[in-house]
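The structure's right below; bear with me while I get my questions together.
As written, the chains take the letters A, B and C, and residue 1 is the first residue of each chain.
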Amino acid sequence: MVFDWSAIPGSLPILWQGMIVTLQITLVGVLVGLLLGTLLALFRLSPNRLLSWLSAAYVTVFRSIPLVMVLFWFHLVLVPLVVGLLFPGKRLELRFIAALTAFSLFEASYYAEIIRAGILSVTKGQFNAGLALGMNRREVMRLVVLPQALRRMVPLLLTQAIILFQDSTLVYVINLDDFFRKAYNIGNTVGTLNEMILFAGAVYLVICTLASGCVRQLHRKFTVLPVK
Amino acid sequence: MYPSLLIPLVAVSASAAHGFYLSPFTFHLSPLTTLAAFDFSVFLRPSPESALNNLSYLLVGLGWSLLLALASWVVAFVVGSVVGVMRTLPGRILPFIGACYVELFRNVPLLVQLFIWFFVIPDMTPILGDWFKQQVPPIWQEFIAGTACLGLFTAARIAEQVRAGIGSLGPGQLGAGLALGLKGRQVYLLVLLPVAYRILIPTLTSEFLNLIKNTAVASTIGYVELAQRSASMAETTSRVYEAFAAGTLLYAVLNLLVMFFARALERFTALPGFLGGRK
Amino acid sequence: MISIRNVSKWYGEFQALKKCSTEVDKGEVVVICGPSGSGKSTLIKCVNGLESFQEGEIWVDGISVADRKTDLPKLRSRVGMVFQHFELFPHLSILDNITLAQCRVLGRSKKQAVEKAVLLLEMVGLAEQQPKFPAQLSGGQQQRVAIARALAMDPIAMLFDEPTSALDPEMINEVLDVMVKLAQFGMTMLVVTHEMGFAKRVANRVIFMDRGEVVEDQPKQTFFENPATDRARQFLSKILTH
């Protein structure tokens, strides 16, 4: 069982390109997902029944199908459709856009749930206390509820981001070259597939372990211990 | 806000209008042309991939997905329970091993783990590995690798839930069991786990649903499950919408079925007066 | 029967028990009282090994609790314990709660165990509640079942850790009545409680603990009429005026 790691040093530039793609997908997915997710959460909590229902439908749809299916949908159906409408007749490099869109919309549904749970976890008593002091609904949300909700949400939101970082490897199914795909391709070409797969795994392991360790520390700082 | 809702509406109506101008006999793989004329008879036409018609082709794919999910669930539940219990035990070694397991399997992407199980491990294992690569038919190679990967991956998540479930019972139950003279193992099996599992039914259900979704990842090593079959049907029949709509619908139906069974299980195991059971 | 000698326990830097000593003879009823945080619950949990201690010795019927060779489960099956929060097993019926340990630990047949359980349920006044589940009973009823569950093991002594502290006022008496009956039967009892009425009625001795130490250890009469220390005096004056 002899390992040949010699392919790694030379291929670092290519791997780094792949990592950039991975990071771009993760970043866009998190940012757009957060924005859209917040909207969805607020819709769900709003007294307007249509908005509430639409938001619930969105979340249900995206949470009941595999991410692989979502990627297929966007890559083979929806993105070509929209692009075909906006730029008829052009052939564009669609995979990256499809991936960004798919991940953003997919993550939004998960973020929506986290945010909604976070807001709901701040009790009605807190809300009423704010109102009793003379603040209006919006002020209470902004000054009392959201700050508390955010403290509870942030660790979960960050954890979800780490999950997204790992899920980005699924762009394999639409033949997009992210970090893992590059590692796999190099391994296939040079003939050291096992070593490249293990190397990629180790890189993810290190990054994610460090990241989740940081999230845990953050969680500890944010959690206010009960007064004895 | 509202523009994001308008986009799909505009897309659908524009392409519908566009489609009416085109001949329904266009074979171009363009969503624009196929949207206007949904052709559901495509499901009854024979699939080039197998001896069945397209709909059955998809249904068989669903069956394979479910098979992988069930096999993985057995592995995940057993290993996850063991690791979860390990993390609640006193002492330092066992909880630490449990923690290491969870960290390892949660911080490597699922796809990478799958590739390790399918490519690396058979290569590295001396005798069994060679037998695996040469004697076992490909579909079962993929199945075994998929089960091992998904099973151990999901086990890490179940371990955390079991740990939380037992923790939520409080130290009093453990103390009460021990005070009666029961040994530690008996307290876990007879007192803690029966109640913890009941509390965990909703969480475990959602974990099983996740597992079903994760079976789609097995398509990357060639396992012919539902997501892959939807894509391949879309390619062979040029009917992208119908193919993916069917695939999506099948996943949604499976989802509903699982939730239905989970609710029935919850009612069946409910304790009178407790956790919403009969009074 | 129970012998506690110079027991000290630390949680890290914090010392929860400071050289506690006392003896409980066969048939004696000893009440432990004191402010919260005084270590009373910790001490009683040390007697059946649910809590460990770093210094001192505890002997139960001639067996050393801290000795590594001691078969703790066996010892625990001979000493009954009743908890503040009842701790009935929610997934088992009342009857099964009482028969579980009888069968699994003492090896009794199901028939024997059920007979014993029914007898004890009659004694505590809950015979009709047999098929019910803990969540369907009131707190007072649950605690009485907990007492029956401990008695089913035919213990040589019973430990009570604040048995009525979690009960609504109107249910305290039904539990205390059972405990009084038990004392009158001659059971050796070590009871951590705030219920001074119970102590006055059936206790032989009263122990007062404060900040991890045994401050007073007197016969009942002496404790109530003429406590030796100021701390005990203060404590009594505060709780007896209610």
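Convention: a contact is a pair of C-beta atoms (placed from the backbone, for glycine too) under 8 Å apart; a residue touches a chain by one contact, two chains touch by 3 or more.
Predicted model only: the values in this text are computed from it and were never measured.
Chains joined by the most contact pairs: A-B. Farthest from chain B in terms of Cα centroid separation is C.
Computed centre separation for the pair chain A/chain C is 54 angstrom, with centres defined by C-alpha atoms.
Averaged Cα coordinates give chain A a centre that lies 19 Å from the centre of chain B.
Annotation: 49 Å between the Cα-based centres of chain B and chain C. The residues of chain A lying in touch with chain B in their complex are 1, 36, 39, 54, 64-69, 72-73, 76-78, 80-82, 84-85, 166-170, 172-173, 180, 184, 193-194, 197-198, 200-201, 204-205, 208-209, 212. Those residues of chain C whose C-beta lies close enough to touch chain B in the complex are 45, 48, 50, 73-78, 80-81, 83, 85, 87-91, 100-101, 104-106, 132-136, 149-150, 153.
Of all the residues in chain B, the ones that touch chain A in their complex are 1, 4-5, 7, 10-11, 14-15, 30-32, 35, 103-104, 106-113, 115-116, 119-120, 123-124, 209, 212-217, 219-220, 227, 230-231, 234, 240-241, 244, 247-248, 251-252, 255. Across the complex, chain B meets chain C through its residues 172-173, 175-183, 186, 190-191, 194-195, 198, 271-274, 277, 279.
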